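These are the structures, in structure tokens.
You will see chain A twice below: alongside chain B first, and alongside chain C after that.
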Partner chain A sequence: MKWPAVKLSPFWLCAAVIALLGIAVTIFDLFNINTFIFFAGYVVLQYVVLATAWNIMGGYMGYVNFGTAGFFAVGAYASVVLYNLFQAPLALMIPFAGVVCALLGLAMGYLTLRLRGVFFAIATLAMAIVLETLIINWEFVGGATGAYILRSREQAPFGDYIEFLFFVMLLLAIFAVSVARWLELSRTGRGFVAIRDDEIAAECAGVPTLRLKLIATTVSGFLMGVAGAPFALYVSFIEPSSAFNLIYAVNAIAMPMIGGATTWLGPVIGALLLGTVQQVATVTISSELNLLIVGVVLVFFVIVAPEGIVGLLKKWFGGRRDDR
Partner chain B sequence: MTADALLDVRAVTKRFGGFTALDQVDMEVKAGERFGLIGPNGSGKTTMINCISGTLANEGGEIVFKGVKLDGKKPHQRTRLGIARSFQIPKPFRSLTVLENLGIALEFATGTGRSEVREQGMAILETIGLAERARANAGSLTQIDMRKLELARAMATQPELLISDEAMAGLSSTEVDDILDILFKLNEGGITIIMIEHIMRAVMRFSTRIVVLDAGRKIAEGNPDEIVNDPEVERAYLGE
Partner chain C sequence: MFMKSSEKSGLRGWLKRSLAMAILAGAVALGAPAQANDTIKIGFSMALTGGLAGAGKGALIAMQVWAEDTNAAGGLLGKQVELIYYDDQTNPANVPGIYTKLLDIDDVDFVVSGYGTNLIAPAMPIVMQRGLVFPSLFGLAVNEKFNYPNYFQIMPAGPEPLTDWSKGFYTVAMAQDPPPKTIALVGADAEFAKNAVKGARIQAEELGLEIVYDESYHPKTPDFTPIVNAIQARNPDMVFVGSYPPDSVGMVKAATEVGLKTKIFGGGMVGLQFASIMTALGPKLNGIVNYDFWVPEPTLKFEGVEAFLAKYQKAAEGQGVDPLGYYLQPYAYAYLQVLGQAINATNSADHAVIGEYIRNNSFDTVVGNVSFAPNGEWAKTRVLMVQYQGIEDNELATFTKAGTRVVLYPAEWKSGDVNYPYAE
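== the complex of A and B ==
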């Protein structure tokens, strides 16, 4: 039996789900059921942005970036710099952090994209460590002891400030996914796929591989920076070891792999699932368990569904191309 | 350089560390020609192709295509100038369909609009004889079909010069004829072809002119009859 053709494109379906989530959360809030949901939801949405950003390079183009935590932290610290200079508002921090990390991505691209495969991955990991060392020794942003950022308790019309940050991150997530989807469906995105499959063949087919790779590192860096921008406000205290935490890098890789790395939908599904599980585990069991959960789930998916949930669904609902 | 030379290779030298893969090789390919490049294993044929297509940079000499110096140009820029190549070991874009493989070349090398990709891609696949596999995954093709895809994708860049790097190695004799027919057809369509091949029967039948490389040097040049009777060539292939 054939499944009835669904005319609704996955993108609008996803938009609808996010809108419903927003409504549900608002209702939650109106009845004052629990404000923790904003606190946890923020983290999950932050991972949607990070996983989507990682996927532009890792999923579409096949360049595995282990330095997500570096970009995230630089985004967060860019905000701290602005705050320390003139107590800049969040609306300024976000684009500033994005631009700083876009430039960082561009620089990283120039320096490391001659490297392929595991060597590229190691270089990105090393970059994150170098950045962390720099921040630790930079007194202006608090150095190794960290820095406090004072934020108002409330933000009209959202009530609690965390609630406001949640909606900011929701907008950023929608923005990131839209950018990723737009890239994926564009000529540039098709060039990414060619690079992933065979870089030399792509170059000989007329694909300007270096330019496309720099576009990918820049856009990916921008989105990671944007995800980190509100971090200091969210936790109100920032120090290097939390901002550069390896869990960001690990999650940014694991989530797209679980969801399916070849489409924009994969990292969204992966981040929502794994992010939620981690938040629930943090509250109910222990926050130390998160990395173990990632590891186990990742091993499971690599064995059972190497192309992620999206790949699995495609296989079940007959997306076979090779039937003619 | 004569007026009708499409590709002019002048004293090109390529070294890998202490090993000289190409030593001052001169070679001239005229527009519309069927040009054969042969030589024993390790004689520098593929290195020469890599220098022409830009995946390797030559250290000495220069390569001129249509009057334009290629030195310093990236492979994709050379592709856009009109030089296409197939790969000895097929390099399909495995996660794409056959038609999408051509689409990459059409979109990036020739700037073909998205709406015309399908039509133009199918036209090329018809010529190559791969039309019925258009929607198949490129990774699932048989060896002969992968060779055809290599040629089809090269054709999608709308080249003036097509370099076929051992497109027939490992194929059965009817498959060899199949590929030969395709190359003859493309040449009749006005495309200059450089054929690199170990299968002598194919090279001799196809080429109007042949250059022989041995250990990075050009040892002979001429039409197929001259090459067959050249004592230097015999020595290179069979030893003293």
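== the complex of A and C ==
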């Protein structure tokens, strides 16, 4: 009897290797990695999910969403709701947060997608402020005074709870990137690109623009929500000003810009690069200078690589083929 | 945009070299072996950028003054003290990583908290997991959920911070003849202000005061005139405000412009203790009764506090921080004093031993004698209620004089009598 031939594409092979590596370092403690790396790695991976989610609308379709922090925070507070109701496990919090934010994305799409350009961007920013005001006045989730979520110290078979959170975020990052890649390569993704290039022409050519835009806001919202779901467990205490911190919106935009906003790989590279620089700068330079560095990195890439690192690499390798 | 091949390879080479250097620097920074164990290392995160940076930088200077003083006196356990700190950027998400780095890579012997409730709480699971002593700086009721025995909070809110905070405001008001009958409660929709107003509401109900106005406002409210007008329309005897620095300024200015008529005004206004705000408001502060933690009154001249303030004020010159350092800074010095005294008294670096010692003893510090309740808060509240009196100008020197912020409560520390009513 022959085993059926299984052919994995390089993407799925890489994803499988990364997931196995994740298992190796968290469950089997291979390489004896320091706990700090898991904390820092969690934040970087969280940005991979957020940047990838933002890129589905901002990169593929050209609709700039400034409301990332709003979706992220709603995802986090959805977990607080379940925790306060019956101390739900993370396995329930993540899909719940995702669904809540997907519905929120759908609603936002219906309300705002007739706006374009800067008007759409302002509407998304306003939505985040409205959501923050709602949370501030919702006592069940702690309101303005905040809420505590007590996590257990350990989680079998991972050992330390942060290793478990890191692994969960790694899986979420792989999931988010897979969804983004699938969208990019599908007929839907081509529709997104048509909308980005010329929405009216796309409409005339028969592209169902409103439906595609609603798909994008829903999927993007879902992914931002799942990124926020474990946040309250990570920090133990959540209050509106930190959950709705503008840094999430800024990073979610900056990372795809640095990596390259037109492909699934761009946000991944941008998040890994900028996220790592931020984490290292926090515990090395640790002053106003680390904020300056982030700014300088941004300006550097905008000047040297306006299409991001992926665009730069394409240009280099494309150029070399031309030289030959 | 086209580049020559040699330019491209040059740029690529530069990028490769930069990447290699960055990886090397990261590896050195993250993987550097611990230095020889000839110092006592105390680690913490502090808000040096972001919303709480002004206070955080001031606290850091106070902590550095403590380290210098301690080292000059021979250090701890015969070793020199070294402070290792990182900027948490006023972002709670940075805190867990920073404390893990401090403990696992920098190999610190002790950790203390950063400044503020939402930057203390994220460190709690890490210190609890390792059973560490955790002195904390200005967290409000953080330990209520964690119930961690080695948590010791230095802000003198007392064992019941929610109500202890505003107890003095009511004690002063109800001692007047005739006592007030109505009260207006107003506060920002934010963590501290909500708690302050909640405590004030509980006490108003207990005292049988009629609450004629009970509203909150968005933390970014630009104009407080409509709020003060609405309060004035109800004509309350008392007005309790829970606010943050920008809104405290807005509220005081609006009260002056509108000509708020009430018998007692203030309570929980953060910011009126800061030198920059006091000098900006000057005579507008007269008559306000507000909480404070330390003022230069003769009843509060604890041993060492003036020497500390002299050193702090010298170190603070040109640093862009509070030049007087009366509010937070003595406490930033004192929470390290508690830790240092406990280490020296037990002659041990064992956290269980030190925690036990702190729980069962009192400590003479620059903010007075401190002992802790089982929940890690001060065993007895010492939230001062002070009244601004006799301020005629906006000079910084005015606020260094006794008599400009008279202590009305607690009676133990009283330094003068209340000017009552606020305005009629």
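Criterion: the second predicted complex is superposed on the first by the 279 of 324 C-alpha atoms of A that agree within 3 Å, B and C clash if a C-alpha of one lies under 4 Å from a C-alpha of the other, contacts with A are read in each partner's own complex, and residues count from 1 in each chain.
Here is the rule we go by: a residue touches a chain if its C-beta (ideal position, glycine included) is under 8 Å from a C-beta of that chain, and two chains touch if they have at least 3 such contacts.
None of these values were measured; they are calculated from a predicted model.
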Chain A as common anchor, with chain B and chain C clashing or fitting: fit
Broader residue contact with chain A after superposition on the shared chain, chain B or chain C: C
Smallest distance from any CA atom of chain C to any CA atom of chain B, in Å, after fitting: 15
Chain B and chain C contact sites that coincide on chain A, given as residue numbers: none
Chain B partner contacts - residues on chain A that touch it in the complex: 187, 190-191, 193-194, 196-198, 200-210, 262, 321-322, 324
Footprint of chain A on chain C - complex, ascending: 2-3, 5, 8, 12, 25-26, 29-30, 48-49, 51, 85-89, 91-98, 100-101, 104-105, 117-118, 121-122, 124-125, 128-129, 142, 145-146, 188-191, 193-195, 216, 218-219
Touching residues (chain side chain B, partner chain A) in the complex: 53, 55, 74-76, 79-80, 84-85, 87, 91-97, 100, 103-105, 107-110, 114, 132, 135-137, 140, 153, 156-157
Complex contacts: residues of chain A adjacent to chain C: 34-37, 39-40, 43, 133, 136-137, 143-146, 148, 150-151, 153, 160-162, 231, 234-237, 239, 241-242, 245, 247, 276, 279-280, 282-284, 286-288, 290-291, 316, 319, 323
